[in-house]
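The two complexes that follow have chain A in common; it is paired with chain B in the first and with chain C in the second.
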Partner chain A sequence: MARTTAFQFRAGDSIFHRLDPLTKFAWVLTISFLAFGAYIAWVQIIITAIVLITALVFAKLSPREILRGTWLFLIACVSFFFIQTLTLPGSTEILRILDKPIYMESADYALASALRIYTIILGSLVFVRATDPRELAIALVTQMRVPYRIAYAFFIALRIVPTIEEEIKIIRSAQAVRGVDRQRGLMGRIRETKRYAMPLLVGALRKASTMVMSMESRGFGAYPQRTFVEAPQMGAGARVLCVVMLCCVLGWYTALAFGFVHSFYVFAPS
Partner chain B sequence: MNVGTLYGIVVVIGAILALFAYMRNRGTGTVVIGFTLMEIVIMAIIGVINGVLGTPNAMLGRLFMTFSGSYGFLAFAAICGGFYISGPLCAYIIRKPGAATIAETMNGVAQVLSGNPNGVMVLGAGFLQGFMSDLAFAFYGYKRWTLGVVALSGALAPLLQQIPEVYFFGVGDMGLGYNLLALAIRMVSGAVYAIVLVRPIARGLAKAGVLRGTAIADEEGKTRLAGQVA
Partner chain C sequence: MKMDTVTLTPAPTPPSGEAAAPKPAELLVEIENLTYSYEGEIKPVINGVSLKVREGEFVLILGPSGCGKSTFLNVLNGTIPHTLKGDLKGTAFVCGKSVHETKVAVFATEVGMVFQDPDAQIINTRVRDEVCFGLENLCRPAPEIMLRQAEALAFVGLSNAGDMSIFDMSGGQKQRVSIAAVLAARPRLLVLDEPTANLDPAGMAEVFAVLHRLNRDHGTTVIMVEHRVDELADLISRVVMMDRGTIIFDGTPREAFARRRDAHSEEAEAVSISAWFPQVSEFALELAAAAGTDLAPDQVPLNVAEAVALAERLIAAPSMVPTGTVEPAPAPPPPETRKPLLSIRHMSFGYDKDTPILRDISLELESRSIVALLGQNGSGKTTLAKCLIGINPAPKNSIYLNGKDISDLGPKDISAEVGYVFQNPDHQFVTDQVDEEVAYGLKVRGYSDAAIAERVDEVLEIVDLARYRARSPFNLSLGERRRLSVATMLVLEPHLLLLDEPTIGQDHERAQHLMGLMARLRERYGTTIVMITHDMRLVAQWADRAVALSGGRIAFDGSPTELFGLPEILEGSSLMPPPVFEVSRALARRHPAKVPAATLSVSGLVQSILG
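Moving on to the complex of A and B:
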């Protein structure tokens, strides 16, 4: 059985799955706005905890699934944390490692910075795993008034994304059969990417072209409007959630703007 | 002059360029042109694939920022051209107003969905870089498709897009010279990436026969009929 991509929709019956796609998208945007507006560790810890609880409890993702989808980013974030803690300047020394001082400010900033990246990636994973791209396209048309041809084109593109990994394997095998060897090292990987990019793009466009022909032959795009048998609706609870999220973002940025919360940057000279 | 004034001037320049592009195309009836379904799908596919591939690029950017300290934002600027490709590429293939803007906006959505560490910022950034890329072609009434115009399209992409990044990455405090240098590096990077990648990719796709019904496919067909090598 082919291995499926972690960043791919899986049907489910969790609370998060049942939410309408636009509320879920608003949730991703809220997490992103809040995470980007804070360079303080304790704030990022709270945001990360909220996203983790959403992933584990409300979206019913298992810790294994979360790790599978984010392990590479997790390693990068842990590396960022250690590198920044060891290299950034600060004034309050908390400990020494191999005679190198570790400062409170740099550790705080490094933790906030690493958690911010991880939170945003985890938020995206939760959204993608719990949102049917087709429902998202329909919600864009019915609720956001996006022209349906654009929404469906985006849906086609999203459907092709999970197949990219599999396509790369096929291209790699096809090139190996023709005697093209796999390359090692960073430069080798970059050259490999160049070699895969064109066949990948051609394959994706060829598939899309077939889909477009099929859709047009069935009269898709013949009318300016389109109706749907089952369109996702934003319920009262979801509306309240959206208002709460909007208030959180506005409140947080107002607090930042008026200096109620101190947002500092270690890199910037004071 | 402080950094705030600098970006105020940048916004004014952007607005003047947009107004100039609008005036240039006002009488030609090319301000809004409908896209065929295939054209919309091409914009979506290129935007989304560039967006998904942009996420590892963004992680590389974070790595640069981490290792290079205060110079990280400048190092990141050097690879930013990779994010701007889908706009000039789609505009070059489709040759209609708005192609770059739509492609880059879809690129932004795809980056958010694929876990770009820069989060929601890439949504706004995508729209802004696509809009500015479009302006380069609009200056010539969507009639000139030379390498110079493609390079201009890549170079203009970061003009307004850098502003939200400056806020979110907090580099506004790094001084005027630093911010100007970052903008200059991004513009050069955008132009270089556009020069190196846009035409070869577009021609390659047209030759592969997957761009049926687009302007570049027509041009490719005429070139073949005339027995010339593109």
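Moving on to the complex of A and C:
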């Protein structure tokens, strides 16, 4: 029985699911722009909280689903936080570890950096779990005037991700049975990638070939246009939301440009 | 799932629900002296093929892997030469259009293509979207598309599945979605390339039922490549046999299955085409030969009832004298009665705590036995097998391998005792050369170079790959790759070997060859083989024990003969007995003196009939 992968669309009836795909896409972009702009922790804490509330309340993802999708990144972000805290320079010393000073500014910056990465990953998870890639492709064609062949290429790339993820798991299991250990170090990783690459490539080419034949045999690409029977529409509420999000991003970068934001810190003194 | 009795409204006439009126059979496929070689290759895959197919025919194409049958199907909608380039010579007209001059998309309303792997051919994630896809590409108006998709889904028995996610469907359901997706465009010709290869017997029956209704009630022409002929034989109207790119037989099913013929495998070995005969035909041929009578083509049975009738005629014939020698079915060596090789005690397992896949499994496996692990798609067979090799972490104190708790053993400890042959051999290859591939497992276990060289030579001889030792594994044929993947396990002399679907993507001959290897392994090293399979003929022929899973629980554990006599277990596990079992059971009921008990082998049945 196949397991569903974490980064895979699941149908649902949450508020976020019901939003049209372009508005959801705009939400991810907004979160990313907001997160990228600031190097201080309090802003990132607020943005992370907003994304977390969206995930739990508006997209109805369970804490378990969130953990399953992001645990690897969570570990990476925590490690990243500690490494940066220990290594970055600063001026206000909090404590010393093995005679090495730890600074408040370093901790603040490290927390901001770690949260920024996590926020973007979490935002992407919410988007992928709640957005049918096909609807997104259709919205790109019908609302953004993207040629449908390009939009479908984008959709199929998203559609095939879980299949490849599943294939990698199978290859890893199949090779583990042979006594292949997980490799360490750069050369080990290169050897491991090479071992996975060949069977993955052979399988992917076979699948891609069938997919192309299946699409062409059903008339894909026969005409410059095609019908979309259920094209998603952006409602008035969604338009307002998009305008609000645009204002937030513009306002945010304006505030950054005028230095209004970087005057208050969580760990470091303001 | 029970099928709805829904009809499709054919594109022009007749209207829905009306019986198909007899009409002059038009030539849909006209192929003359067709030769094709893939781009960059000199040797033709199809060589001088000529074939005419009339509207309303149901054509089955048979032949060994690599004979060119799938390539031939790709010509029928112009995939060759427009998508798959190469050198195509000869004339080919399908639905009145030349494939040389007609683009694939133009054939979309005339020729529907269904492929082997539903996961690769389904483009969309929601059922309704998939069925609408073709008509949307053809710029049909939305109301017409919605009407036709509803009809197509109803026809394949999935009326209420429009909003379902493809990821939540079984293999049989997915393949029915694929058929609905092409039916929505009302093709006159349906072309299918092994559509049931990945399906359990119930899924296969669903697909065949849909095709039968489509052909019988709507006159849709069907051309299909398929190895599972038992359930198909009396649905088809014509059989075409191919060998090395040419057609070696073209006629009715009864003519086709009335005589054994030879073809050639990808490795150029001679194989008997009777390997793909329906088992009832095989039985009739063997019975007639042993009884010294000739079997006219019109006497060849295509289903169980006909086989029973034929056997009764022969039983009643006073002149019936056994002439041929019937090979008695080899008795499997008895399993060793000592402490079990593997014990599973009340094991439950699931990837998520809330959704257990395996529930309270208890099982003991002795040495030197072949065990079939059966059940419908999603019943937990592969999950259980992965627990036995340590890919899935078994709960503590639930699996004991040679008396040791498997959860305390490392991957190398487990793989020293247990081997696993995956469905797709490509997944297991880790080196660039055949001999290195076989040597790999020994190297990681620290064997000396001399010992490695000796064992690699020995195993390559056993699997008949010594001549390819310097080749890349990926340059071998599918059958050779499968043998190589078995060799990589064989060389480690495991006490337990797990085979995941050994017949998927393999023709019958190859599966037989593989099982022959397994039997030798059992004889030589006392290995226990556990095979996950949907192939009931394979089970009947090779397994001495069958374990059926249903809903993650063991529904049956006993001999295959006993299993095939329990209809409620078979139904619950989506299994079907092999035809010879049903024939023998029917004969045993009517002639208890002649046929005392149901049997699983053709030879065994013939022997008991002839006394």
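In this text, the second predicted complex is superposed on the first by the 235 of 270 C-alpha atoms of A that agree within 3 Å, B and C clash if a C-alpha of one lies under 4 Å from a C-alpha of the other, contacts with A are read in each partner's own complex, and residues count from 1 in each chain.
The rule is simple: a residue touches a chain if its C-beta (ideal position, glycine included) is under 8 Å from a C-beta of that chain, and two chains touch if they have at least 3 such contacts.
Here the structure is a predicted model, which means the values were calculated and not measured.
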| item | value |
| --- | --- |
| Touched partner set for A:Ala35, first chain B, second chain C, both or neither | first |
| First (chain B), second (chain C), both or neither touched by A:Ser14 | neither |
| Chain B versus chain C as contact partner of A:Met198, first or second or both or neither | both |
| First, second, both or neither for A:Leu88, with chain B first and chain C second | first |
| First (chain B), second (chain C), both or neither touched by A:Val161 | first |
| Touched partner set for A:Gln143, first chain B, second chain C, both or neither | neither |
| Chain B versus chain C as contact partner of A:Glu216, first or second or both or neither | both |
| Which of chain B and chain C A:Ile117 touches, first, second, both or neither | first |
| Doubly contacted chain A residues - partners chain C and chain B | 156, 198, 202, 206, 211-212, 215-216, 220-221 |
| Residue ranges of chain A touching chain C (in the complex, touch as defined) | 1-4, 8-11, 132-134, 156, 159, 162-163, 170-171, 173-181, 195, 198-199, 202-203, 206-207, 210-223, 225-230 |
| Contact set on chain C toward chain A in their complex | 74, 77, 79, 83, 103-109, 111-113, 115, 117, 119-126, 129, 132-142, 145-146, 163, 165, 167, 181-182, 185, 351, 357, 378, 380, 382-383, 386, 389, 391, 411-412, 415, 419-420, 422, 424, 426-430, 440-441, 444-445, 474, 488 |
| Sites on chain A touched by chain B in the complex | 7, 28-29, 31-33, 35-36, 39, 70, 73, 76, 79-80, 83-84, 87-88, 116-117, 120-121, 124-125, 127-128, 149-150, 153-154, 156-158, 160-161, 164, 193, 197-198, 200-202, 204-206, 208-209, 211-212, 215-216, 220-221, 265, 267-269 |
| Contacting residues of chain B [partner chain A, same complex] | 35, 37-38, 40-49, 52-53, 59, 62-63, 66-67, 69-70, 102, 106, 109-110, 112-121, 123, 168, 170-171, 173-174, 201, 204-205, 208, 210-212 |
